[in-house]
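Okay, so chain A shows up in both of these, paired with chain B first and chain C after.
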Partner chain A sequence: MNLPVTVVATLAWRNLWRNYRRTLIMLITIALGVWSMIFMTALMRGMVDEIVRNGLETLPGEVQIHAPDYRRDPSIVNSMAMPSGALLAALAEPPVIGWSGRVRVPAVISSERDSRGVTLLGVDPVAESNLGSAPDNIIEGRFLEGVDDKGVVIGASLARRLETKLGKRIVIMSQDPENNVADRGARIVGIYKARLPSTEDIFVYSGRSVIQKMLKIEGEVSEIAVTADDYRAVLDWYPAIASAAGPDVEVLPWTELDTYLSTMLRVQDGFALVFMVVIFLALSFGLVNTLVMAVFERVREIGLMQALGMRPGLILAQILLESLYLLFVGLGIGNITAYLSIKSLESGIDISGVAEGMEMMNMSPVLYPALEFSDMLMSTGVVICLGLLASLLPAWKASQLDPVKALAKN
Partner chain B sequence: MNVTAVLAWRNLWRHKRRTWLTVGAMVFCNVLLVFLISLQLGSYQMMIENTVSAFTGHIQVQDSDFNDEQKIRQIVPEVIELARQVRASLGVETVAARGIAFALASSEERSFGIQLTGVQPEFERQVSTFPGLISEGRYLDDPQAQEIVIGAILARNLKVTVGDELTFLGSGLDGSFAAGVARIVGIVETGFAEADRAVAEVPLAWFQEVFAMGSAGHSVVVSLPNLEVVDASVVQLRELLAADSQFADAGLAVLDWDALLPGLRQAIQSDMASAWFMYGVLVVLVAFSVLNTQLMSVLERTREFGVMLALGTRPGRLAKLVGLETFVMSCLGLVIGVILGGLLSVYLSYAGFYYPGMEEMAAKFNLPDRMYPEVSVLSLLWGPMIVFAGAMLAAIYPALRLFSLEPVAAMRAVQ
Partner chain C sequence: MSAIICKELCKTFHQGDQVITGLDHVSIEIDKGTFTCLSGPSGSGKTTLLNAMGGLDTPDSGEIRVGDVQLDQLSRAELADMRLHNIGFVFQAYNLIPVLTARENVEFVMQVQGVGKGDRRRRTDEVLAEVGLSGMEDRLPAQLSGGQQQRVAVARAIASKPKLVLADEPTANLDSKSAAELMALFVDLNVNRGITFVIATHDVRVMGYARRLISMRDGLIISDEAQQSHAMAV
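Then we have the complex of A and B:
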């Protein structure tokens, strides 16, 4: 007898519903497991995404160009010329969507009341906003108006510590390449709030030309930050920038500028897989149990089928199909509920109760779960592969039953 | 032994494989929970201890606004005297006075704005790990000397090394211009970039002189033998401050590590929250597994239960039987799980646990690159007890079905 595949498939499907309670419980279990795999991974991905994004916002950019010694010694003497020629052309090519040449030096800022050490940024406000690193929340006053803007923009937390406010004068002190103290008075024209309060304490913005003049480095900058707005793709386009920039400067992608962030991303990918496998293992006990029982209560029936000439291969296929049906339906429900629950949380989960701990990990107090298609695929892959593997043993046992003994069994 | 117990035991082994698979699910989950919870508790403990012992200490006495604003005028009067009293009151030597001020530090080539800390060299060694991490030169020893130790990255940025001089400019407590020169006697290398960029310590007496502090400082740092005594010590210190007229009206606050480093506990809590999500899922999955098994075992015995009911057994007794079966199964899962999980955790608490890529994450939280699980009654039983409870809950539905069983219909039921 040569049963067509469709008959086996129908048999397997019907068998599944002979004990509908057991099947339903198993389906709920699989669906719950799959849901938790995808949901948890989306949460973690959202978290890591946020950490990387915030990190890149303060870095800023996905690629930075520096004078060779700047990163080791972030001082004014390690400046370089603004881009020109081939590099300038390369920076205008897609996928680059924005770049900014910035003066970035350590400085001391003093109000009438107090002084603090800060990082002074001489920027071009237009380029900075293309780069996405201009403070997006100015709570008082305005951001800079051009490279010649003589005013400074400081963070709200720094303003508090300096006991100063909008419109007041402060003094900025740094040093020029000859190691002389360079200082100038400036008026606070804007106060910004950052996502992370620690940023507010560090960065002080002023017009680039004004700072270049003060530091006597006309036409030079400390860093050039470049963005293409997709941090995962950076390795594809950064070599073009690097070759255009030439050997006299150091061009690095964010993965090397901030090794903590890139490690984080790697560890997270590994962890998602570990998490899925662990959840599946917890599931697999129930799955194997269900199949063992399904085989056990049908021993006579299987014996009869064998006696009538059904080949062991088909019996194996039938049990495996039953397991596959279970897995697929469970996966379907799990994926749909995961998709729906993540979509409904897309506007963010408020976790401000632990905001300061989040800051320690470079995160903001709202968590946005990030659903990635690849995670859904990965969980499906894990469940199907390991599921079939786990079902092999009971299915194999069923196919190896001795018809005579099986039929005689009570 | 009573009949129900014997019945329950024998029933369990009618389907050996099914029982073991269900117990296996519980054991798997329990081993995992014991391991993960011990690892978590161990790393939290270490995270707190390492962060606290680096510089902050378990408790600090400060002006009540100093922690938020760090202004030079938010002082602790008679700081050395207060430190002495705290030492006497708590009966520990690990108490040090500090002064903190912002200054512009200049070497021959470079200038940087830094936070300068005035310390008592002989006591600072006991409250902070930095003095022990000198990579070059020595730590401060003379409380009066014009000497400084700085972090390795700061030294690199300033282009200085041991023996060079640093000039400080800042403003004193009275608003006067403060200036001083100190010789670098040591470089601190902690391995944590943030600390290596920031550490700058000078002797307290000299600090007080340069910044016109008189006998005042900014904090008294207390390091304690363990976290458990922190709360009691805080209370004791508050009483000490209230009792002394000199300090009672100075607006001082006693802050524990949690108040000094609010991010730390929250980082732990957010980590806990995501971990508990995973534990919750595991427990529910195991509970479903138990539910499935018990429901099956009830359904396949419908006829048998019908006979027992017809013979006069009350449904309550049958429910008790099913409950007892689940109980025995859960106990097996609990005992085996705790033993295996405990062995694994105990082994790793000596050998250490490592996950690739972990060291960089760990460094961010002042952790070493190997984790050592903490094995305690709590970490051993917490997870497994919840699995146990979940399994018992799962048995409720199958057991309840017994009450709606009609003996005659049940006896006729097809298998």
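Then we have the complex of A and C:
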């Protein structure tokens, strides 16, 4: 069947502009709705991105490799060898951008005044920096200079509790694999500040080789943390690492290591869709009203077209096309303005004045909107699908008009 | 040979508790190539009969055949197709699509029929010239006078070469001069093209052009008589 596409498209477009004020108001409404869908989603995504990224820095890494029993019993007995062979080669391949082998054991730290239970981290400071997990705010002294650095770096809160300070000596105690006490004295070479005081209380850093020697596990580490350029894509690349690591170790992505973070990400994606649907539902009343009015004003004309032989299906198509034009133009304007406004705020929005205590949520006081193409696509999908759905009723009613009654309408 | 056959058509309308008879067992045959007027006062049933002949309205009972097609057996969509391909309509109030130019209004039916662009344009130029509207192709209906708009409506009705044109009070909104010009055009199309015309009217000026005059009252045909040739009247 030869469909009269041109005439339907022409009629739909021209009818749209018959009442240009009403059309413009509706276009502005749709554009504003689409803008708010994308902009607010970008803000939410930026917020969640920040929380997840900060969480991954603390975790650390997007993938971790452990001895099989380490997660059940994170003690020195569940250590493993540093990467070599196929695993080392896999860790040098993109999208991996950094990895670090670290010793991580429970320990007790004692100053001349007090003792505390901590997590002792024997790290390679260069690799930790690449991983983004080294403390980034050293408020006194320095961070470690290498794997052989004999000094320790502690948190400001821990220093207060131990009533100690930079340059003072402390004693670290843990257990070696034989369950013997392993201890050593060390000097505090740096004090760091973290977003959360609990982080400052828990993590104590020292050179990896020094800790390995103290614990008598030379060449072994507790975990290998790996990071890439997009944490959302971890499920795409981590199987290659798992395959290279072999069956003797456990390789897990961050989504399994920290289910709270992955749940938050899923909730955010779901919430974005709900948010878009809610905004559009409010919009749809305006859209339906516009179309109902457009049909009501043209009852006689629709009757005429039917009398001349236009099938009801074509009348339906014409009204739906009018709605589609309106939606597409509104979407275009909304997407462009959202893109431009988000781009102009790429350097971040300082929300410290209105959102105190953001660091408690693992967030910085500067919000970076994150524009995702998929969000623009999702808002477009929501607007088109729900828009067409909302337009169906007025379009259907128009197509079912009785031509005789419609022609008699004044 | 009959262009239209109506048998025992009945149609009633309900207005509150009141039942109004639109058609009361009307039977009629319209021959091909004839020029027929349905006359009568408002509410006599002439427009109801015309709408039934055009497949716009469905009678409560009875049979209508237009050419070889029995209308009462067709669905809404099939009726639309039948009108599209077989019947030209001219209505009382010009009834052009206001957002389309004169040319586009004339092309409308052919576009819906799926006629190619070249044929459409050639045919439109021909019929617009035929109704005396050359040079006004790109005007919107609002930029045309009542008489010119009705001519565009006639051009649209005949552009797809229908064998039957149904016109409902085509001169109702026209001055005497425009009405006479329009009727002359109808007569010309009837005589030279052999198009069958059925016109519902209560305008005595129009009745004078008909070769057959059917008078109606209260849904009944009260007289059906042949008249002097309209060609002579023109």
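Please note the rule applied: the second predicted complex is superposed on the first by the 375 of 410 C-alpha atoms of A that agree within 3 Å, B and C clash if a C-alpha of one lies under 4 Å from a C-alpha of the other, contacts with A are read in each partner's own complex, and residues count from 1 in each chain.
Just so we're on the same page, contacts are C-beta pairs under 8 Å (C-beta built on N, C-alpha and C of every residue); 3 or more make two chains touch, one makes a residue touch a chain.
It should be emphasised that the depicted structure is a prediction, and the values quoted were computed from it without experimental measurement.
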item	value
Touched partner set for A:314, first chain B, second chain C, both or neither	second
Partner chain in contact with A:7 - chain B first, chain C second, else both or neither	second
Chain B versus chain C as contact partner of A:289, first or second or both or neither	first
Contacts of A:407 with chain B and chain C, given as first, second, both or neither	second
Comparing the two partners chain B and chain C, which touches a greater set of residues in chain A	B
Contacts of A:15 with chain B and chain C, given as first, second, both or neither	second
Which of chain B and chain C A:306 touches, first, second, both or neither	second
Doubly contacted chain A residues - partners chain C and chain B	none
Chain A to chain C touching residues, read off their complex	1-4, 6-7, 10-11, 14-15, 18, 300-301, 304-314, 403-404, 407
Residues on chain B engaged by chain A in the complex (per definition of touch)	15, 17-18, 21-22, 24-25, 28-29, 32, 69-72, 102, 104, 108-115, 156-157, 159, 170-171, 262-270, 273-274, 277-278, 281-282, 284-286, 288-289, 291-293, 295-296, 299-300, 355-358, 360-361, 364-365, 415
Contacting residues of chain C [partner chain A, same complex]	51, 54, 56-57, 76-77, 80-85, 89, 91, 95, 97-100, 104, 107-109, 111-114, 156
Residue numbers on chain A that touch chain B, as the complex places them	19, 21-22, 25-26, 28-29, 32-33, 36, 40, 43-44, 72-75, 106-108, 113-118, 160-161, 173-175, 179, 181, 259-260, 263-264, 266-267, 270, 275, 278-279, 281-283, 285-286, 288-290, 292-293, 296-297, 351, 353-361
